[in-house]
């Protein structure tokens, strides 16, 4: 595997999932793969979960890790040719990126959307420069439009939870091994209904998490995805092409097995001028106990960090049905699978 | 061992001391214990010695280390329930702390006293949140009221020095092995007199170091502790309950074998309104050669960093009787014992 | 090896070069040397290449690495004795440096010239304090006046390139093994002409890179060094004592096999009052294709980061004759040799 950006990069999902559970069962099993291999983590933006879980996954695999914090303001890279670089940019990306590639075997990049120039963001300009010029396998640690390590961890979490629930039948179904829901059809009586719901926020946030979540859920044919959001917040078709959208949040929640809440700013699909703006502040979308009562005793999910009582109430996130901590824990697992695949392909 | 905050956490002191000397003799002896174990060091405040010595101790034990610098200003954690988080706090500690616990086996926390709210500081609010919510063993890397890694290192330093001195008799007593002063009574003719002295400073400093120093010295029955400070600077009784306080600095110094200098701001014990304030600026408390001449050829100690010619003069800190560098070096040893104990108990 | 500052520290160059090629051929060959040894990298200034390549080299050798970023502004060290430290300096270097030495086996220091006080800069005050007080082997990771890891990497790059060229004869000379140009005279028909050329820049830069480059090239008797720069930019005689200086850039370039471009501020050799100033902004010195056409199909070199179209044009730096990325890659190799030598001498 040379890049990890879209769900297609990971190949057949059932194989990826069985590797995930194998690694969760023995995190150090592939430690020999990383010997004398170096991961370089490059952060153009802050990170807590991604920084910690990726570092942990790499160390589990026996890798050396170098973390590079790029203060985007202080270290501006020139990207154009022909410019006389007598301003505030002290290095050109055509030198900086190959140099970073010199000192490592695999590169992870975090670079958020600027939310002002849709074309620039959706072209994944920074990520693609690393892919083109570093000479190394590159994976997204949340970039302008995607956060696949999160979506993969979310899928692992849904599958784990669903098996415990006996496939939604709430029976005491045996689930002793970690065989995936795809391979044990007899114990799984229906496809879980997973709802991606927009929720209000006080700051304009990127679309990376909902984009990847939708893409991964749609790729899993055993999942029934519904997306709900205010009108105008339509996600980019390249990620949600065939997904059901239900603008009535209550109708979307009815019978749901999993509620995945997330804010995102206006994707500018319906009205390009709205790109990156907050065009809805309706707090009736906040997920509270009444919302959850519409579901099929649904689980609550969020990628964190979460603004309580804005995205979700204290009661819901603290309830036994909240999966937010297991989701975070599975970030170590999803990243381990990705790094293992990249190490195997070196 | 699940927490390391107070001297009681380390159990019998003679056993802890003999482990310290065993490790000092062979720092890599317990390297197998840390294999595939991860230490997370979380800094809410700056650090030099603690950062370096803790990292070194963990690596000696074969652990992986993740360092997380939390700029307290930039990453404010919400701590209350029910708050609508639409302000500057982007994450609630009830999510942040369990998540950090997901990616490691042991957690070290540095979080200084704010020095404005005595109750909040002395409740060790941040430290206790990590203990309660992280699901991991937690040790203090200087918190609001304690700095036990320093006090443990100081005790190691005193014992090493005392043995070299032949137990204060200045005879050429054999001290070939590293058996502790507790177990070789025949070579130790008296209890060392250890004086904790306040000294002036230009900034308001926490009481963590003197609190722990007093607690550890009092726990060692072979040490004769005297505390001296200006009136009004009484330390909290939970740390110094039974200690002798001598307000006349000269009387305190007379016959002392060890002088441990440190500034602290007003602990607010006598007058709660003074908490965290500088209520004495008397520079006659600065430890100079005249002060040291009152002692029994005493050794000079300080935890560092130290303001020269405010806490102590150049002459004293540079004299052969200064133990400030050995104290710093023993931070690696005290931390190694703590991590070893925590690893054994995982 | 206890210090690495000047070319003389590395001993005979042919031996150093053969070690470099041996390590480049098998970077992990000396991994046993670094077991349980700790490198401390101390940065008073920013770094990209040096930070990454030094960390990589240390990990290749099996070392543990601790990186300490000292924000020079925030953590001011007092250096004078007798000062009452009641200002903004919270620690004296006489404590800080020995303490850092406690927790590691080898120290790397980056500390740039301030460019205001020539005497202070050229005395290498900070570096020498580490050598004097840390008790550890110390190497320069670019200090006030030298950057020997860069110069050593440049020499490796020149030798590699020269061998591929068959010693400048542009014949298809066999160069199968990595024996140095010094030991295979039969395949090497002439000494390469290496030109160190000043180039314009918008900010005042230190002289560390040209100083070390000149020193290392002069130490290699198989290299024919010429230095060219505007009048008044004469480098310090301790580094370039016997070097040919040609003020006419075109004459210098004629017949050159390697062009090494670099800006430096006025070294204050001719006029001490000019030290650290920009006294020439002549952009005719920018290296462009016309400049390169004067050479013997010369290679272009620069230590990076480089300001394009100020130091060098896009065309030249992107041409097949550009060696800037191989130079950066060889930083891992030069540092590996230095750390290996220091580990062997512990």
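Each chain gets a letter, A, B and C, in the order it is written, and its residues are counted from 1.
We take it that a residue touches a chain if its C-beta (ideal position, glycine included) is under 8 Å from a C-beta of that chain, and two chains touch if they have at least 3 such contacts.
Here the structure is a predicted model, which means the values were calculated and not measured.
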Residue numbers at the chain B-chain C contact, same meaning over half shared and different meaning under half, come out as different
A CA-based fit of chain A to chain C gives a rotation angle in degrees, as a multiple of 5, equal to 120
Chain-centre distance (mean CA atoms) for chain B and chain C, in whole Å, is 42
Going by residue number, chain B touches two or more other chains at none
Counting only contacts in the complex, chain C reaches chain B at residues 36, 38, 40, 64, 66, 68, 75, 78, 81-87, 90-92, 94-96, 98-100, 102-104
Chain C contacts chain A in the complex at 27-28, 31, 46, 48-49, 51-53, 55-56, 59-60, 202, 304-310, 314, 317-318, 324-325, 328-329, 331-332
